[in-house]
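Labels run A, B, C, D, E, F, G and H following the written order; every chain starts at residue 1.
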């Protein structure tokens, strides 16, 4: 005797999950659209001289990033009502991209909080990212929405990729100082990744590529050094 | 008891489809052969100095492209007699290649219409392509042969691949001006694609690769810029 | 420099396609849900004695099939507004399943039209299916929604699979007459398929399997015949 | 520098092969169509009482088989002009089917040569098949079209499959004598195959399945024997 | 009842085939072992300066290649006694590898015939390969062992892969002249392949990859050209 | 600095293994050929009345099995010189078949040792099998050739398959006593298998099929019982 | 010489500690899940020896099952320890699912044999939390998807049991009669058909992991139902040869024999 | 009711005991092999931080590696306990191979960094037997096939290390110069080419498991060599722009700058 109620109960659970999925999907789509705007603004960093960076890139980017926060709020609210690891693959890519863009924004000297002074070359910590987005990070006990360490690390690798590209474009823009900063930064982060014990997953595969970023920026510094183009006053120029 | 007509009707239909397939196949094969001639002429652009481009590449290519048009006429006539989406995968690759080569021809400064003045660096629009091939474009209502916008965009991505290669070969040929033009062109197209929300298909995958083309030409511009090889009058040289 | 309109136009088109897809998806999902109800009712044919077939299976199934028709109407309306071959893979499986269940319903003696007399063992033709669903069939010229002959044939093969199973379950229910009818029916359809030269697709693969259904029902008839269980008035009983 | 002739020669060769392929394809398609007619006639053996076998099955089948011979002639002529093992996979299935049907025709008592007396239960040898089709068999030296011994054996296994089915259908038709003949025949062939050391190919796989045919016919003989239905004069009835 | 001869004949044939297979296998294994020696010697070309190429690579390689010829003789003798297309898949890979290594040997300036003068950068034709190995080439009529044109072309593509790698390693060895020769050579072969309409097989797939080799060597030439490292007398140096 | 000796040592080990493989292969092929003779003799049990079983089947089978022992000796000698589990997959099938045939021989009442009295229906234990073949069984400490438990169990399943078939053929031969013995035996063995905890491997898959053997023989006993054909004096007949 | 330390070393050392903890825990979960699978499989083997339906399990079966219950409990406790909160339970859900599915299969099979009813998701969840050797635990670990997939596999075990029942009880009415055929054996087929209908009617959105897992198991489930249908068919066909008035324990009669002959 | 006992029950109970022991041992071997893999991988990560060649490992690396040596030793002892004779060692060779291959990779990589030579099979075998925490053990467990496949993977680790060396030591001669570039860095490429040649020359019969495993790893090995070739190529090309007499630590000169301009 099979009790039909058992299956009705299951169907109800399936339907409930489908609703959650749809709800998250809508929020994530909105987040992605807003994210693309921030991305296209920050992309201009590659062609904007340092002197105009603040007005042309950082100011507009700040506005764009602030726009995304409403979506992060929505996402956090909905996601926190359900098990985090049941749904997190739905927003992982978008959240990683957002964190990456905030990291880039911060590294370029941008600051979300008004009044705080710009610190170019600064790496926002995962806690600072959490503070900006007003969500917990590296949550281990409460089953709530948060920024996971893996997401922060993926975003950090994206930052290195972008900075390696920026090092060359800085030279094209006539800025011979930034490449040495970038080189030191990438090497420092690389040293950090080297102490991790990663498994054979996507993070491992991507972190494996950092050595090529190190190589790229070292090549740029070498090119400048060879031509005596590195400003003498730079304490990290290795002269 | 069972109506034999069902099976006879099915057989007739299977046979009919086989005939359509054969008819299209013959036309597409001919188009492909003609296309290959245009391709092999345009390939010389990588080793031909600018001064000889017109006589060595553009003139012969123009003739070769004109040769393909008869096959496009044939294809259009046959294909328009059948549902477009039932058969279009049979000619997609060849039509994309043809559009790509016309785009490359146009970008290099070629012009199919006699008398029109050359505009190197110009991107032919989809409507202009339709005008040249005398077929509709981006047809949405009528179920007739046409150049689909997706085909145009695939061809456009192929153009970017080719131009990234051309940037390096231009340097080898001693032309230090073209790489900066190419860099700007690729970056403009890239910006256009980045704003799109494509669904997860081959166009999405290929458009994701444009960023590597951007990086390649940025590297060339970097190399030239570092060595002060970019002609001073160039507004994008970053000096 | 680059015409932004190209990308806007593409985005419009991508969005439009996404809308069409969503619209069809919703209809097809609804159709599938209704279809599942019909399916679960008809599944009872395997455990319902002939005497109760009409009240327990055919009557409720008739209602369930009628419920699906609104979805077919919706699908037909939406699909006919777009190229058939661009979207037909979205509903193929569901339409095949529906046609299969109508064929099974008809074979069992059901009739959608009130007043028409039941004809157990009858195979509804593709035109009759079209009449029931109020959609064209085997449309070759007009690019409109229709039941394709391939879909009908897939449904027909599904019917044979189901009847082979029904032959054994009929015996379990004490009905020794139905297996011989089923055997004759399957053999007739098999003969029809054998004459076809299908191309190497899924229809070909599935039709190759009909011979195993023939064997299955022949085995049932053998078992009954050996034990003299086939009713005497049956002309195919082999006496 | 590079000899263009290499590529022209290759193209010529590719084109030539395509032509041969097309030529063979047309002949094989025709052969297959004729074959299907023979097949559908012979399929009636399962439902035709012994008394009507000659008029209903064997006479019409003889005509149908004779019709196929022209296609075999064509195939032999074309195929013999090219290396046998380069193309033989194009007709293997069709030739095996034809040989199978001739074997079945012969086993049922049919005879292609007028006047020769029928020998039901007789297995035509490969040489007799070659004589009927007027082609060499088991050719080892000359690179000409022929019936390979592997093809004959594949056809023989198909015959066993068909006879196992015929054994059950004979009982349904009230013929309790034929099953014991079939059982003996299948067991004899099985013993022959068992002694072989075949390499691990499709013939090996199919020959491994003969034991299931043996079991099937043993089951039929068991059923008849248990019920005392085997005619007493039958020497293999085991009574 | 059943002619046992059929099975004995089949067994004889199976055994005969097994013997042929074993005989060929032994020869091919020996050929492969000798081939590996030639391969490992030729691999040193990547790390041997031009001045020592002859003594370190070409002389020893010549000996190693000559060692393989006895196996080719054996193979030719055995294979010619049987249908070519029945067995050719057994040696295809090894023969392609051998031809590839002879092509590489020849391209590097090696010469099998004593006294003939070295021609670095020379592509041995298929006829010359046949002359060296003393076997027919591109045989179309006689069913005898030969080097097929497809095998030659596969070997040629392997040569291009190897030369692209050699271009970079030449630079590492301080040879800035060879990359431009390699670039021209690969581009010439690429042009030849582009004109072909190959059917969709492995040769087609591999030939599609030549464009990546072209790009690789163009990049090397670009690197050298940018740094003025290409010797002035080189006509393709782009100065 | 890579020491070439390391790889020479590895090659020596590889070559040594290849030799072992060849040596075992030859012995196993011989064993298989002898085995087939035993198999073909024992196959006659299905058509031989009990009264002639000893002279027609058991005596000749005994000789054939004794013939295989020399090969088992050879195999044991060679295999014991190497790690058992490194090579055992090379002879598993053949050894299982041999054990199966000895089990069948023993069950039918055969005895390898002269003078020992026949015990029809007796299951030789794994230790007795080891005694007959003069090899250890279920060896856990010494790395020597032996009969593994899994092999014995595979052979036992093969025995059940064969006995299920024999039950029906016994009826055909008029022996109504054996089926009840077989039924009891198969049920007893089935009960044994049910207490094993098998993993998802081939033994699990095959043992899963024993229930169908139980069903087959139960059906035979039922058929006989229904017809009062089971001899009254049989203590296992369940009367 | 070693890689230079960096200003971010402390930060990364923190990450390393977290990631190592995560990877190590995942390893332990995988191991415990394998143990749970293994113990549940052995439990199922023991249950398959049952020859009754809708009655308490015979003591021989419960005795054979006993050690496997212990192993299941140990695996449960190991998992409950690792997956002590909802966050972790879902983080390692993919790793633990195979073991939980097998647990569901064993639990529902045993329940079916005892009660001839399908154990509900809530009942299975409750049983799971009570499975530990050290008090309760593991709440929220067993997902409804594990339950659904375990029930799919349950049909396979029901088939194995039912086919054997048909064989030994159905076809041989004259033998072992004293042990008594279970009542309602043919109801098993009805139950399996009901389960097939209910499982087929489940409407799971395309593209979800559950949908793809169900897709893999559906055909096997259908085949299981049809195997029982075929066994029942055989029972019926053969049963029809039983002469009127023929009694299993009467050993047949002379008329019976004649009856057969005249068929 | 339960399945009837049978005259063969005792025999099958014996079989069950043997098979259960086998399956349980296989489970334990799989678990220990996973532990060995994990510990060896972490060892390799620690070794990758070395910035010298043919010298003793820096203390920071040996210190970081220490706990992983302990884990490796524990896994070794677990395996040595289970696979205490040749029969068992080969019976579970398939299960233990992934762990042993990773052990070979770690051992040979560390050895290469210290000595710039390839550790031989005998040396690795010896190291394996000495790896246990409780004296020696595990003789005959590590097969030459494990060694070969581990060496294939070694080329990947050498590549990772060498590319980074080329990056930080090769292209930036003016920086970190005080730490001293390792001698013979370019010899690594020679060693990798020698290994490629030797591995390609290995003649393994077709159709064997070793041949198929090698087939899967060969392309990756070749690519690793070519990645180092490409890095070295870049080093050479860029190095050619160095003006005559330009010294890394001189910081370049005015002429250097002009030199560049005139290119």
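The definition used in the following text is that contacts are C-beta pairs under 8 Å (C-beta built on N, C-alpha and C of every residue); 3 or more make two chains touch, one makes a residue touch a chain.
Labels paired with UniProt names: A, B, C, D, E, F, G, H = Translin.
Please read these numbers as outputs of a predicted model, since none were measured by experiment.
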Shortest chain-hopping distance from chain C out to chain H: 2
More than half of A-B's contact pairs recur, by residue number, in one of B-C, D-E or B-E. Which one? B-E
For the interfaces F-G and A-G, which has the higher count of C-beta pairs in contact? A-G
Determine the centre-to-centre distance between chain E and chain F, using the mean Cα coordinates as centres, and give it in whole Å. 52
Between chain C and chain D, what is the gap in Å from one C-alpha centre to the other? 35
Hey, how far is the Cα centre of chain E from the one of chain H, in Å? 34
Inter-centroid spacing, chain F versus chain A (mean Cα positions, whole Å): 65
Listed in rising order, chain D residues that touch 2 or more other chains are 195, 197, 227
Enumerate the residues of chain G that touch no fewer than two other chains. 3-4, 23, 49, 176, 201, 203, 241, 260, 263
Flag every residue of chain G that touches chain H in the complex, lowest number first. 1-4, 23, 27, 30-31, 34-35, 38, 49-52, 55, 58, 60-61, 176, 179-180, 182
Touching residues on chain G, where the partner in the complex is chain F: 41-42, 45, 48-49, 64, 160, 163-164, 166-168, 171-176, 231, 234, 238, 241-243, 246, 251-254, 256-257, 260
Contact set on chain B toward chain C in their complex: 1-4, 6-7, 9-11, 13-14, 18, 83-86, 121, 123, 125-126, 138, 140, 143, 149-150, 152-153, 184-185, 188-189, 192-193, 195-199
Interfacial residue positions of chain F with respect to chain D in the complex: 32-33, 36, 39-40, 43, 46-47, 165, 168-169, 171-174, 220, 223-224, 227
Chain G-facing residues of chain F, complex: 183, 187, 194-199, 208, 211-212, 214-215, 218-219, 221-223, 225-229, 238-239
